[in-house]
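Next, two complexes with chain A in common: one pairs it with chain B, the other with chain C.
And then the complex of A and B:
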């Protein structure tokens, strides 16, 4: 062990110096991926044959002249499998120049909070995360920018995913009116079931905010709230201070669409609040609207199992196209109903699936479950009884579970995940 | 790869620490003999793949010895304390080894041991004061198969940071080790400065060659023993903080040529190997032995040792402290195997380059599974690596992969498996991977050799090796510690009692607070005040105190019971400590 550490310390200290031409010929600002970086090192290697540069190394420090970032000379580039760290020359306005060069491409940026003596800036986008650390020899104040500074730019290149599921944000349409209907509740000593458009979206909950857009498929909607005593310490009746109040709000403009006045809760019988409300969404999803009524489907249980089984097989087989087909409609509709053009939700969900593929080696589907029919039998939700969830993925010290709303598109004989 | 890195470091040790001829150099001979079990083809391959690495390493050395001499401005100078012998920690150091464990792993037919202090926050021995040095000398190795080894073990390293080689591949139960402390009682001080650059000392000479800025270079005759401390002083006589140093048998400026020469030597060896000049390993070893002495470098005959020091300040003189008289203190302790070999294990896994070999307690290979690596035994026949759990199927002589969330092997041989996820129940299996017992448990706990299964309704059961479950009436909480054969347990009314290591309640639930037993007694609270009780619950003494502090330790790591913010204290025997 000692020897290996000794070796690593030595290797980390190997620095390659060269006296190539001074022309700015290796531009790191053009690099957009880890593979591009490898290509650039290979080019540097080819053009500097006398130098000992290894384009296959996972920890390479290069100090060849001619390296730059958008015209700002780079004195040293450290290239690893995880990040690229570029250090400018010292004492030559380099930090200031580098900040200006990055801002020219990525927009103006504010300082990130930093407790150290240096200034830090951060940029995040779909292909890379950048952090710029500026070391000011004369102290921290921005006015000290000048000839006594240098900067370290760290770039983490993110993998590029071509699968549509990871690129949903590119398909999202934006509108002038992007209503986001939300139910806000305030209450004391009670729990409630919330049913929107005949879909039970939660049961015995005491959360205070619910996104409704995902359950709206047309301009006319209904909501039913069943408020029940919180059965704490065996109590069956409402506490004398118990109350409930709620409002449906359009978060886009804070407009109150419908409100339930503050109501004192008495007795032990659940109290039902019910109202209709109109929504004006610029986009109504197809969702389960053309779905078949599943209430009399004798093979429904088998179909539920078959769907989760297909999902399990696709995950373990790392069948990206199959996973895309299983989740795309759900994810697209939900992100569109959020009018969210940010790259992160789709990317992070896709990366969750990739990590399940990486760490899990088996899946288990519940065989015993209750089926709940919503929206006139077009939408179902299942509650596993023999397992914690409908599908469990298992790896060594890893587990991941899924439970979804399902429907059966017209003309199809298979269920689909829709929420 | 590892072997060649070893070769480089071994040779570096030889060149920097030893002036004798390599022919009779024991370290080199030992290194050469390590090649015994390698074929000439393997050596050739390693040499080819690694000469390039050495080239990089020698590049590093070229740079590292070219420190620049600087003149340090006054306000940037850093100082340190003048040398004085500090023996304050000695007593504590001698008593720090009451619970030392080691982790034994097996690789390529050799045991690897790493030691840990199990009795305090730090896993390493305490830092010693100036002028105090320590040594660990292994005396006896108790192997699990009954063998007790005492010969040729004194040089095995008791290392608290790294794995070290400890000879034959056989499970060790425990090791007796002598801990030796040596501290300087009396010392000589020798000062050299530009005014007085040469001093004669004990028949040799100490000579200041150069002092410039933060750099000083001086030499000592090889006949003079190493000083215990060297400190640099600035013009006002302040002790400067050291920033770097280099000690060498050869004069500065010659290092680069040494590495060039070494590299040349390796390349020559590589060429000869590739030309198939050696018929077998023995021939190669012979060549290595004879030719190392031809390297100019080993002929360091100038009789002096060169020291270069760099400081955070401008150094004008150097004081060298030489030991004159010293004293030894010794203590003996036993280190135990952290994961001892159990009868239920009876085979253990060893990694070799291309396989995992399962050996019995005598170290004899029983089953070899090619291609697997990184296996770690989790108990009995169960193993894991980074990605999977495995069951060693002895009948079929193969590893069965267990596609489950978790596998826990308990001391009594029972195995608890979470088949799918973290928040489900453990199902029980025998050491042969057969389901056993009818109950499943949402939590399994082990205290000493007792295995507890806790069910959904918060009931505690003791499980024997056949998964027979005995309900522990009234128990709602069990402490993690078994101490003096007693475990703290509580009931639904938060009253505390004690159970023994067989699971029998020996002191009923009656205390509102209690500490673990130690040295046969403990303090418990009932009827308002803390009382000392013995292992049977008999009250020895009522302290009349109603407020106990956190437990403390004395210099000898024995417990102190302290009450009412330290106003009254009792020692580990329950005797009042007089202020």
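And then the complex of A and C:
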């Protein structure tokens, strides 16, 4: 008897579920690309031959019964080459139901806009951007939806990139203690050079915040700050009110790691502040640690030119694998040191390279440049003298320039971009 | 029992994972100076600017059962300030005023041509309610501020 009841209940559940699924046949929440959309229209067209549906159209309005988004009925779907717009019916709390269906998958977020009769949300993920407009007909707000309130969901499908450089976020490891070391400065009437672990990270700057993680390769680090007169209006000495103060802070917990007390600046000689600091991280990059000392490399200038030339050729040839090989280690280490699992930085960087490939038709590499040796000669930075930057891509309407820190892995004869 | 579990599992798998909206509702009158705001509101989206934290999803904000449009928290030398925006419902105005009188007694009132300012003061909490009026009649809320004294 118990078994009979069990199977009756199970069959009833299957029936209810099946009926629901039969009524709601075309699920837009399962669509993840423009190609998927075309596939769904073709299916709708095939199963509704009496209706006038054109699966090849770039602007198709469909009002077939059975369309839904995660179980919420859709009254009308407008499908274009650029976006899909789904509109719900004005009954059965469709706006509330659609909002909750999306939140179940994408999570709660803040409103992006709010008007007296319209509320807007926006979600972004790797495959699509979604904008949900809730139109209040007889509702008041999110805590008092009306049954006639309806929703318009606009979906923009994004291209899917398989290249590892655009998918770095999937490789990023997270840890309990993700320290982010930042140098904060306060000063008046001076500029400063900042040298971290024997790497000049800025010269004659008056910026007030510097991310240090990108220059850390172990638990013990050093910082040297050379504070100089601003030399404004021909002055060579510090102004009488000039001062400098700084602190290295772990931005994750606001802990002050090292502090340089406020110091009055006098005379015209640069003042040097120097200290070691604890730079413990849960991850240390390989970076330039296995790099060769380049200070006596007679072919170094040729190697620098060869590297930027290789980059220029790869970009113009749209050689995605070569670009990936040139930039991957740099981009991975920098995103890992930021402990950033967001998909956007790598995707955005990759799309910048794609746009250079699309719009640029030539490149120019500097032939005359100064080389600055850092970190015991393992890391170099170059200052172009005959061009504005080390490599300039010329395009229709805009130029794109690059200049990076370089190193040469031991055993290799080629330089690599590392920061 | 096993079969019941199978049925429940089946029904669960056929449905969509839902958010526990009721479980996320917060009664703002429960907040104290010691409350860790981010922990207390865990799961609810917020905006943070300098020392101010703002929550603006009315589905989860209540003050003595009245729906709150948005609330922001800020700690300063005097204590913790909780500033609320309410929806312009006259019934909410009547209910909140009645509740505050019940809790703290008659307020100090400063009435002007187009606004009324109510203030309730105790050793531990100061509450101010500012409304806009036309001929002395409620038209809309300005703001409701609760200062939890340190």
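One rule holds for everything that comes next: the second predicted complex is superposed on the first by the 388 of 419 C-alpha atoms of A that agree within 3 Å, B and C clash if a C-alpha of one lies under 4 Å from a C-alpha of the other, contacts with A are read in each partner's own complex, and residues count from 1 in each chain.
In the analysis below, a residue touches a chain if its C-beta (ideal position, glycine included) is under 8 Å from a C-beta of that chain, and two chains touch if they have at least 3 such contacts.
No experiment lies behind these values; they were computed from the predicted model shown.
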Original post:
Regarding the shared-chain residue A:364, is it in contact with chain B (first), chain C (second), both, or neither?
Top reply: first
Original post:
Counting only touches as set out at the top, which of chain B and chain C does A:392 meet: first, second, both, neither?
Top reply: first
Original post:
Touching A:23 in the superposition: chain B (first), chain C (second), both, neither?
Top reply: neither
Original post:
Is A:401 touching the first partner chain B, the second partner chain C, both, or neither of them?
Top reply: first
Original post:
Once the shared chain is lined up, is A:52 touching chain B (first), chain C (second), both, or neither of them?
Top reply: first
**OP:** In the overlay, answer first, second, both or neither for which of chain B and chain C A:71 touches.
**Re:** second
Original post:
Do chain B and chain C land on any of the same chain A residues, and which?
Top reply: 2, 6, 10, 13
Subject >> Touching residues on chain A, where the partner in the complex is chain B >> reply: 1-4, 6-7, 10-11, 13-15, 52, 361-362, 364, 387-388, 392, 394-399, 401
Subject >> In the complex with chain A, residue positions of chain C that touch it >> reply: 3, 6-7, 10-11, 14, 16-19, 21, 43-47, 56-59, 67, 69, 87
Subject >> Complex interface listing, chain A residues touching chain C >> reply: 2, 6, 9-10, 13, 17, 70-71, 100-101, 103-105, 108-111, 140-144
Subject >> Residues of chain B touching chain A in the complex >> reply: 2, 5-6, 9, 53, 55-57, 59-60, 63-64, 162-163, 384, 386-389, 403-406, 419-424
